[in-house]
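Scrolling down, you'll hit the structures one after another.
In the two complexes below, chain A is the common chain; its partner is chain B in one and chain C in the other.
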Partner chain A sequence: MTSPPRDVVTSPPLSATRGGLPTRVLGSRRAVAGLALLAALVALAFAGPLASPWGWADTDIAAFWEPPSSGHWFGTTQSGRDVFALVLRGMRRSLFIGLGVAALATGPAAVVGMVAGYAGGWGDRVLMGGADLLLVLPPVLVAAVLSPALGSGGPALVVLLAAFMWTVTARSVRAMTLSLREREFVLAARFLGATAPHVIVRHLLPHLASLLVADASLNVGAAIVAESGLAHLGLGVRPPDVSLGTLVADGGGTATTHPWPFGFAAGMLALIVLAVNLLGDGLRDALDPADAR
Partner chain B sequence: MNVRVRELLKGIDEMDPCVRPVRTRRRPLVVAAVLCAAAAAGGGCSGAASTGEAGTGPSGRLPAYDVNPTPRERVRSGGTLRWPLPEFPTQWNFFHVNGGTGVVDRVVQGLLPYLMRADEKAVPHPVPDYLLSARATRTGANQVVTYRMNPRARWSDGRPIGYRDLAAQAHALSGRDPRYQVSTDVGYRQIRRVERGADDQEVRVTFAGTYADWRSLFSPLYPAAATSDPAAFNTGWLDRMPVTAGPFKVQRIDRTAETVTAVRDPAWWGRAAKLDRIVYRALDSGAVPGAFANGEIDLMDVGVDAGALRRAERAPGTVVRRAGGPDWRHFTFNAAGPVLSDVRVRRAVMLGIDRRTLVRSDLTGLGLTAEPLGNHFYVNTQEGYRDNSGEYGGYDPARARRMLDEAGWPPHGRYREKGGRTLALRFVVPAGVPGGKREGELSRALLERIGVRLDIRPVPGDDLLARYVTPGDFDIVPFSWLGTSFPVSPLRSVFARPSGGRIRQNYSRSGTAAIDAALDRAIAEPDPVRARRLVNAADGLIWRHATVLPLYQRPQLVATRRGLANLGACGFYQPGYENIGFTRG
Partner chain C sequence: MAVFLARRLAYSAVLAVLGASLTYVLAATALRPRAGFETRTPRPPEAVVHAELRRLNLDDRVPLAVRYRTWAAGVVHGDLGHTRQDGPVGAELRRRAGVSVRLLLPGTVLGCALGVLLGAYAAARRGRAADRAIVAGSALLPAVPVFVLAVLLQFAAGKVNDVTGMRIFEWTGESSPGAGGPADRVRHLLLPTVTIALSQVALYCRYQRGLMLDVLSAEHMRTARAKGLRRRRVLLRHGLRVALVPMTAYSAYAFGLMLVGAAFTEKVFGWHGLGEWLVESIGHGDVNAVAAVGSLAAGTVLLAGLVSDVVRGVLDPRTRTAEVAAAPTTAAP
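Showing the complex of A and B:
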């Protein structure tokens, strides 16, 4: 009986295989492409207004529903607002909401799910009970009740959206944690005396990373679109302020006849989601220990 | 997580607030609906085969109607008209509380007597097939109207149309017998007695005092059998129309397919209907454009929507008819609010809003132009219309600034301030409806030039009236009033001073004794010409009081099959259904 243990006893140290994390992320073409695209979009959103002849709050009462031209690069809306300036304004707002919600929803979901799954017992029941409670509340109703109290601030909106988006992720993280904690490398770490935080961070998190990254990148797009849904309730951005979501919603009805307000906003929304998903894909590949051989 | 998110995305139903001035005491709604049939989805209305002025209105003004007026000899005899209805009624008694809709009106106009029908300028005229003449006289303080009915007019059960029918309807709708579940008792409440004249065809109706809108009565007219007994009144016309008297008669009411089929009535004593049949079909508003494009229906209301217009125009063999509709869009100012309680500020805001720009933006892409509306009672195409806007209807930012200075709101940075309070107005719009928001964005840009900040507040559409406008939690709200041929008595509740906390429909919550008196004089005046003059006098006072800023008469765009004659965008015009048809060739 001298044969060595068949399975890996500990989770392979990530840095031991193919260089450090940054190296491996940069080695992924998709991650690089996603990062570059996202950087370009952020740069456009923040630097673009410097070049635009019109501000987002300006109204050109001589140009209602003008198609794209040299005066209005992306055309104008029915009330004479410059679509280029509006789209950039909407991008800033939507990037903030999308990235903020993704961080705020996936982060707590990871913590709560892992703690609940690893700890079990009472802690598990309390945390998951809380998550389930949020799961049964109808988001629209809650948003309607809270909307007068929250006002139109962006941070309040990010918190509200995140509050409704983290629960399902938390449940799947918990389920994965439950199976991971019975795996040999986790058992071995525990028997060697590793503390719970150490096990969670060092041994569980790497295995959950790909799930969390995928979830976060999906959340970005979902949050941007959900924000426009909330605008129907008077929550979300207040006119004349805009987000990509409200631009898409307002322009959708006339997209067949006056496609520019809808088309440019929807295109930017698609590019943001594409960039985030490329980046998430690359990160997942780089982080997944199963691929890291 | 995406399932959860999708719930957030479910939009609130789009609601463009369109509110009907109410003139009943018991149940709101209804009578004002009579002439608004075409405002609902699938409108259309016929003009008589006369030399209409369709499409030839002076530039900048919409024509009063656009119905392809065609002489009867050029209309082909035969054919089926397929006409969409926005909903399928079950109660076909128009005067029952559940029946008083524009949909019922649209159907029964071809089936029941209308003693008076409005022309394109909303002037009512007797329909000679039913009513030879009607004459109003005064005996003492009371008004007596003598109706001379057409002796050839008969119900489908063979009985002549005359005294019994008018007397029974006047009694049923008087409101004195609570067993009749009536939608409105307006007008009929004022009737003191109905007497038989020289014969059954001469009817003398005596009113208590005067009633200027008496021409709105008995249109439609139901048979005595339907109105002399409360049970027959309440349930006799549920899912059926037992007796008719018109160019068409009911062939079939199909509740499953939600269709009503009306066929030419051979017993009709007037000029025979051109169409073989009219099939009314209830269609969801979302399904109407597709049904029209597929050739399943022959006309549809396009609404004020450039996208829908473009789609309708793409369907082959389509003509879009354009006319001024009865409804009008406006801003109501909350004159009980903290800032707008000062009439000088209200006037300045009116001067600071360029109505031409708003009109141009709202109607862009529809292939028409419209003037700003200068009247609170009549729309541009209505008899009696006069532009009373005077000095407050134009755009004059310089004067607006001066007026605000005088009112004690000096500029302080970008906006004006008084005692530390910024001159900011709440502009309440239903969320998810682009129109109101767009008007808010434009007004915000315009008012910024005179130092007034406009805060656009989107609120859930269902809450707009109940939670914001009625309690007065707003400064400016945009919506449309539905117009009628008899606008004065319903609009009294909009402009009369609130009394004892009851604002009725005066959402501006303000009025003056002079306006009340002028309105009462106009309502009591039986002579139409003098009444219009009095209405315009009242309107001038309302302009000066600056509580409601009319924007424009809403246009009516109706897409029809090419060749459809004497039907289209009707404005106020009420149809002679026997003239509707398709042209030869």
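Showing the complex of A and C:
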């Protein structure tokens, strides 16, 4: 096994080469663009209702299937609900679900994967056995069983989705930890008497950061889409409440004749995914110690 | 390798038994088969409902441990119990599994192969227009739910049918009633295959691109180039082969994810497969059917994991002897 010379004694000094983390993140055009887009979307989702004359639960019985106009900016649905207000409501729901699941899935996955990989032995077997067991349970069944407790797209749904999404990440984190553990800079730190938590946080985490960020950014979109799938089966957000996923799903059937409910919801979903991916890619490049370009 | 495989096999067997048992216990505690019998019209007498439930091992007044033992004893002897309509679960499971495999296999294979090739190609052209297009596409495609993708594709296919004046695409069921020839079956398979392939391709592509990028900067690639091998040969023999190793582990998990997503594809295209059966059975409170699908899914995912271990052993000779067989090879080429 050979390693790049910079790893011989210690982990590469991250800050010395390219400035502090904020500097590097702000230096990445993609990260800045992603952050700005995400901030704009959050602002729109929360401030938009103040400007809109219609609430998301209102129905305008004078306007069914109305195309976008000055009265209804994004048009109305079949039952006369204002698409602009609905899309913003869905965005708040979906941003909460997507960002919540990403944090709740990737964080524990990093901890479990690193501990299992670094400690090895029985702890490793039990943790990974638990992850494998979750993999073989049908999520639809678990969601159906828990659905009385899930409510309508609240925090319980976030926890459920995260519980099913963390396992794959935990596996890849563990696999990377296993190989990092044998690298010279980690061995050196251990022989110098560094404690396990110190090695994990100071020497393993920086090398795993890019993987984790990429994973978290993927999970945001995946969680939003997964919620729409559950809602499609009657297990996620329930009518009259909406999420971007349910709007896209409901609008898909009539997209050919009345494209606006589907188009605006799908567009916002795509923008959220785009923003998170841009931010993730930018952070990935900024965090990766091997990528010194 | 043999010892490693034997250990993996034992581990998978234990996990499969645990997973199947957990599914049964979950289904048996949470589902209410009694409700389905009591709401029949005309409402059957209490004693009949009771006897029927007792006979099908669905009686919620029998302790869970007893019901579980009855079910497990049956499974050990190859009997998965009876559905609520009194048909044997095993036969229905086999039929449904056949439908699901016919629906999912072509699309999955196509999506996996295409994703790996696109990802590797994008990595080889890093930063150029082709790479950027592939990265953008693979970032946006997962943002479209499968059932929406299917509806949009059906719409497009309808247009194509109209323009050409021929029934090139069919999208309801496995075959047209009355005409079950191979050509007809292929026509019914075209659109589902494209849908499934598209839903899979992006994830494989993203993952493969990342792996390939790691490998491209490795020393052994430079050595291979330095000794005069052509770029194409280096990329395929020395790059792709190494980058495929972690992919084998990932594909086992992706297979599990696909089984989950199957319910939507089956619903949209009107195929009566496993996913649809699972969702219906949960709705009807059909405990034995749910447990059977759960057990099959558990077994399949674990089998896929085993196969991926073997494939990895073939691709990466080091894992045949190494203690840390699960270590990825990208970080230490």
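The working rule: the second predicted complex is superposed on the first by the 282 of 293 C-alpha atoms of A that agree within 3 Å, B and C clash if a C-alpha of one lies under 4 Å from a C-alpha of the other, contacts with A are read in each partner's own complex, and residues count from 1 in each chain.
Everything below uses one rule, namely that contacts are C-beta pairs under 8 Å (C-beta built on N, C-alpha and C of every residue); 3 or more make two chains touch, one makes a residue touch a chain.
Quick caveat: nothing in here was measured; it's all calculated off a predicted structure.
*Asks:* I'd like to know which partner A:A110 touches here: chain B for first, chain C for second, both or neither.
*Replies:* Neither partner.
*Asks:* Report for A:A144: first if it touches chain B alone, second if chain C alone, otherwise both or neither.
*Replies:* both
*Asks:* Per the contact definition in the header, classify A:A209: touching chain B only (first), chain C only (second), both, or neither.
*Replies:* It touches nothing on chain B or chain C.
*Asks:* Quick check on the superposed pair: does A:L127 touch chain B, chain C, both, or neither? Answer first, second, both or neither.
*Replies:* Touch status of A:L127: no partner.
*Asks:* So in the superposed three-chain picture, is A:T169 touching just chain B, just chain C, both, or none of them (first/second/both/neither)?
*Replies:* first
*Asks:* For A:A102, is the partner it touches chain B (first), chain C (second), both, or none of the two (neither)?
*Replies:* neither
*Asks:* Just checking: does A:L178 make contact with chain B only, chain C only, both, or neither of them? Give me first, second, both or neither.
*Replies:* The second partner, chain C, only.
*Asks:* After superposition on the shared chain, which partner residues are touched by A:A31: those of chain B (first), chain C (second), both, or neither?
*Replies:* neither
*Asks:* After lining up the shared chain so the two structures overlap, which partner does A:L88 touch, if you call chain B first and chain C second: first, second, both or neither?
*Replies:* Touch partners of A:L88: none, neither chain B nor chain C.
*Asks:* Common interface residues of chain A with chain B and chain C?
*Replies:* In the superposed arrangement, which is not itself an observed complex, chain A uses residues 135, 138-140, 144, 167-168, 218, 222, 225, 228-229, 232-233, 249, 253, 255-256 for both chain B and chain C.
*Asks:* What residues of chain B sit close enough to touch chain A in their complex?
*Replies:* Those in contact with chain A are residues 1-5, 7-12, 305-307, 309-311, 354, 357, 360-361, 364-365, 429, 431-432, 434, 437-442, 444-446, 455-460.
*Asks:* Which stretch or stretches of chain A touch chain C in the complex?
*Replies:* By the definition above, chain A touches chain C via 1-3, 129, 132-133, 135-142, 144-145, 167-168, 171-172, 174-176, 178-180, 182-183, 214, 218, 221-222, 224-225, 228-229, 232-233, 245, 248-249, 252-253, 255-256, 262, 266, 269-270, 272-274, 277, 290.
*Asks:* So in the complex, the part of chain A that touches chain B is made up of which residues?
*Replies:* 57-59, 61, 64-65, 77-81, 105, 135, 138-140, 143-144, 161, 164-169, 215, 218-219, 222-223, 225-226, 228-234, 238-240, 249-250, 253-258
*Asks:* Which positions of chain C touch chain A when the two form their complex?
*Replies:* 11, 15-16, 18-19, 22-23, 26-27, 29-31, 139-140, 142-148, 151-152, 155, 206, 210, 217, 219, 246, 249-250, 253, 256, 260-261, 263-264, 278-279, 282, 290, 293-294, 297-298, 301-302, 324, 326-329, 331-332
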